[in-house]
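Look for subunit A in each of the two complexes below; its partner is subunit B in the first and subunit C in the second.
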Partner chain A sequence: MARKISMKQAINEALDQEMTRDPSVIVMGEDIVGGAGGDGERDAWGGVLGVTKGLYAKHGDRLMDTPLSESAYIGAAIGAAACGMRPVAELMFIDFMGVCFDQIYNQAAKFRYMFGGKAETPVVIRAMVGAGFRAAAQHSQMLTPLFTHIPGLKVVCPSTPYDTKGLLIQSIRDNDPVIFCEHKNLYGFEGEVPEASYAIPFGEANVVREGKHASVVTYGLMVHRALDAAALLAKEGIELEVVDLRTLSPLDIDTVLESVEKTGHLVCVDEANPRCNIAADISAQVAQQAFGALKGPIEMVSAPHSPVPFSPVLEDLYIPSADSIVAAVKRSRAGARQ
Partner chain B sequence: MAGNPFPQSKEQLLQAYRTMRTIRDFEERLHVDFGRGDIPGFVHLYAGEEAAGTGIMMHLGDGDRIASTHRGHGHCIAKGVDVVAMMKEIYGRKGGACEGKGGSMHIADLSKGMMGANGILGAGAPLACGAALAAKFRGKGEIAISFVGDGASNQGTFLESLNLAAVWNLPAIFVVENNGYAESTSRDYGVAVDSYVDRAAGFGLPGVTVDGTDFFAVHEAAGEIIQRARKGGGPALLECKMVRFFGHFEGDAQTYRGSGELDDIRSHQDCLKKFSAAVTSAGVIDAASLKAIDKEVLAVIENAVKQAKAAPQPTAADLTTDVYVSY
Partner chain C sequence: MSDAGAITPVIMPKWGLEMREGTVSAWLVNEGARIEVGTPILDVETDKISNAVEAPDPGLLRRRVASEGETLPVKALLGVLAEPEVSDADIDAFIAAYEVPAADEGDADAGPAYQSADVDGIRVRYARRGPAEGVPVLFLHGFGGDLNNWLFNLDAVAEQHPVIALDLPGHGESDARLPGTGLADLAAFVGKFLDALGVPKAHLVGHSLGGAVAARLALDAPDRVASVALVNPAGLGEDINAGYTDGFVKAASRRELKPVVEMLFADPSLVSRQLLDDLLKYKRLDGVTELLADLGGRQFGGGRQAERPVRQLGGLPLLVVWGAEDKVIPAAQAALAPQGADVHVLPGAGHMAMMEKAGEFNTLLKRHLKH
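So, the complex of A and B:
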């Protein structure tokens, strides 16, 4: 039986293996080593939640603590990528992208096109996403739709330690800028992960559960909510098919269409706010390309159109639940065409 | 002929003049062609500022990187980007430096170390830090330069980059091209300190201010700080005080200038006139040699425009190519 490790360990292992394989891979971010310039322990933190802990001892100055200066160091990672390095920059929380967004969406995303196909910017920007940490409005957002919207960026959001390792390795080897979204509530989630290095190609969704009655399409933490919903509905004889998109850009719409053609019902689940989110995008594409296969209305389950609240009571209401997915499946089936 | 009193060789002086003249004629020609409606989009001209870009870039090789500004044509030419490819790009044609997809504000040639003009003010400074970081890892003594205007010198990206370059001891040079105007707003209105040397000091960097219309002053000052950076001495700031012969963008009526201001700077602060007077009066280069270069450069620009106008337009097939390396 393969060993089980957490998503956090899977990230650490992917970085370690790629830094060992390729000397052009460097890692930078705020407190990714920790304790720089102080009298105490070096590698004091290894990242704010300890994800990069231990890498400094192996790779030394290729791990660079940065000042609290997102525009400067994210821009520097992008500039270094355009000059032959393969930087992995950690931005801690995706909410902080606003501070340095220009460097990401006007610079990194556009170099290749704007320079006539003559530039490569192999940078990875890692950031924590998602609610459930009682971290309130500025440390909890699921901003995947913002980045998916932008041509030139690739957007990854894994749901398991296995996918995390393989997709992060692919992100580092990929020659385009990648926004790598790590759900903070999955950091401790354990799963089987091979010790050897492997890469998972982008643009390949994963059917994590097969079923014939309805398709639930989602990514990240919501994959687990969808599986919970599937377990509840199975007791009623309703078998859900759960599609984990894994990468939002590029998007494997073919796997989604195949699933909908089989089940006739689509429920799109997205932890992001509802306007122009991934669920809305998938719904529109399916309505356009597989309208004839739909036996009932497309349903969307998203967070409400509000910031993430602090109150644990309110935050639990904010995050889409297994029950809300169950209800959406039932609505779609109730509206079924005869 | 008397001996050469300048630290530059005669060949270097001829090269400097040719570069400055090429930039001047390139920009003067764009001014005319833009006014005629031949060129789409936004164009920001470097005329009047030639001595700065030229004096700095003469110290650089292709392995040294620069991150330019919206006013980037002069930087491109001084860094060795092909003038025909530039002109085609500004005309939006295939075969342009960026295949017509970038335009005036985004001309780049990474093979020449030119990381791009930039439509976002101050955005090049972090990128130059990254280029300097890559150079540091390579360990071959290469450096990177960020150009900003006096306006963009107020951007957080620029100020953060000064700090990052200092704490990482990067081989990065920050050049403030102070032409007195941030778009239409005077430099003195928007910058609280009188000297950029003071601003550099606030970030722990050495700084120096030079007359940016004096090629010799720029060349000497840039040479010192670039050599220092190559040897691991760390970042520095160079302020070039200069003048802009045209508006912020083409089409700018420049009503914010004082009466007679443009005539005055054309008469008294023209870097090409000052350079020509210096080298001819010292007897190092005669006026006929400069005139010969003028004639050659005019032909180069004329040819570039001719080729740009004859170059094919991009087609629908080009619209969505090169968004990604692979997708």
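So, the complex of A and C:
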């Protein structure tokens, strides 16, 4: 029977099963074998948070500890992918993308297009995203919109262990570069996950809660905040529908439109900074394609346009909360057209 | 409390092995109404499915204890049936004294909800309930189904008989491999499964493709089969709706799957989000789509059933129950049942008659098992 495992274990299991299935799958990153502060013993830590622990013992040198140079090993992973391997590169924090961005957005994302469809780059870049970890401004960002902006990249950000395993397996099997965003505050979150391998297709949002009064569209950790908001509003007789996008590129806008056509109210929740983020994108698409279905103003709930604060009090205020989602639902309903 | 014996509690049912609680969605009868056995009293919803709770015994509905919208544990008191002679005071006392039995007590005695067995190198998930003594009743689900298709039936039958339900190979949470795509392959596998459990002889209950497998096993190993009960069975007539069998195999998303699964029920609103999610989770396991395509192609290719063993059944008690509004295998095929079969066509039910008309089906099945 499906047992409960954490999101961290789900990532480990997906890597393990795909490495077993396909010898071209390799894993590389900083400290993924020896680990930070290790005494030189291999497989001591399995990465800064232990995600890859145990894999070295099974798959040996198909896991590589890399030098502390993101531009070097992300470039190497992309090159290996272009030459027929299926590398999974772990970038640790997505905040470090800056130093290796040329390889990602101007190389990997362009190969298929510029070589007339003859080149494929099946690389997965895993990175931790999000605030709430007391890790300050340079290790806490939700940078998903940077990557959805680039054609040629696929962007995934799961909210449950079940989705994490199935989407990571799909990412490894996919023939295009995938940015796989793991919310660090969900690593310990547990859920039922089948032991067998399975893949969840990209571009399929998940309606995690059905409701008729308003649609909340979100992804990642914010799915759980939206469900908390739904529980609060249910006590007042307001039934929220919660749509988990799961993949941001490709985007399942059809499921969003269907939901809004049913409820007439849209609240987009995004932990990313507000300018040009996922919430702004979804809001624009719904306004354009389903304006007639809207019974009230579209509301957006995002972090403020500021770096993530180090002060725990301020950081907690920075992250969108269930209360802020409840307030946004009420604003949209208060502004309802008669 | 002299009249306490005349008071019948209506309790939260346990539909399926995983159900812990249910929500009362609507009362269907008023206080003071005369209830017969099988009368739907109230609708209960779980995260998997919704269905009506039926009366266990006849009586007057004296009190609605649970209110609409309330979520209560399995075996919680929902209402009280009693004859008019029973005083209101006695009913109040009964309600006040009622305690919900601990949900896990019975489970602990009966072992875990699911067990697994290794049969020819294929891991099989199964459930075993009910008394230790007696000829077990083995439930065989259909194409793409799993043992939870019997969630309204297993506990009802387990009151009197040992029951066993398995996920056929390549289905549910059994390994995603088939021993073969012929009915004889599947029937032989089921025989080995019974060997693994040390069961020499069983009553077989089969739904759809599982019905054809049951018939094949009864023909191939007659001394192992005490009786056969078939629900909307394959293996009797020729036609089968390829729109369903092919559509089920091909559907890759909830959007594609929903209209296909709706064909299974007379009332399509029974198809919940959870039901579709569970089916998608199964279909997305590595190898499942391919094996379903193989099995469906072999058994049901082109909308024609390849094997029809049910027609050859004879010499043992045979119950055939069919939902009149079956959109997968037409109920008209019930007329082809062998001589001597006890045939019932149930109005208001589709292909999943054992779910949609669970009360009627359970009554028919329990009567059949008394043979």
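Brief remarks on what is shown
As a working rule, the second predicted complex is superposed on the first by the 331 of 338 C-alpha atoms of A that agree within 3 Å, B and C clash if a C-alpha of one lies under 4 Å from a C-alpha of the other, contacts with A are read in each partner's own complex, and residues count from 1 in each chain.
Throughout what follows, a residue touches a chain if its C-beta (ideal position, glycine included) is under 8 Å from a C-beta of that chain, and two chains touch if they have at least 3 such contacts.
Note that this is a predicted model, so its numbers are computed, not measured.
Using the contact criterion defined above for the overlaid structures, shared-chain residue A:P201 touches subunit C, although it does not reach subunit B. Residue contacts after overlaying the shared chain place A:G166 against subunit C, while subunit B stays out of touching range. When both complexes are overlaid on chain A, the residue A:E210 reaches subunit C alone and has no touch with subunit B.
Once chain A of one complex is fitted onto chain A of the other, the partner contacts of A:V25 are absent, as it touches neither subunit B nor subunit C. After superposition on the shared chain, subunit A has more residues touched by B, the comparison being subunit B against subunit C. By the touch criterion defined above, A:I179 lies against neither subunit B nor subunit C after alignment on the C-alpha atoms of chain A.
By the document's definition of touching, of the two partners only subunit B reaches A:F111; subunit C does not. Residue ranges of subunit A in contact with subunit B, taken from their complex: 24, 26, 64, 66-67, 69, 71-85, 87, 102-103, 106-107, 111-120, 151-152, 154, 174-176, 203, 250. Contact residues on subunit C toward subunit A in their complex (touch as defined above): 113-114, 125, 173, 175-176, 252-255, 273, 281, 284-286.
Contact residues of subunit B toward subunit A in the complex are 65, 67, 96-102, 106, 108-111, 115-116, 118-120, 123, 125-131, 133-135, 137-138, 144, 156-157, 160-161, 163-164, 167-168, 321-327. Touching subunit C in their complex are the following residues of subunit A: 1-2, 162, 166, 194, 196-201, 204, 207, 210, 254.
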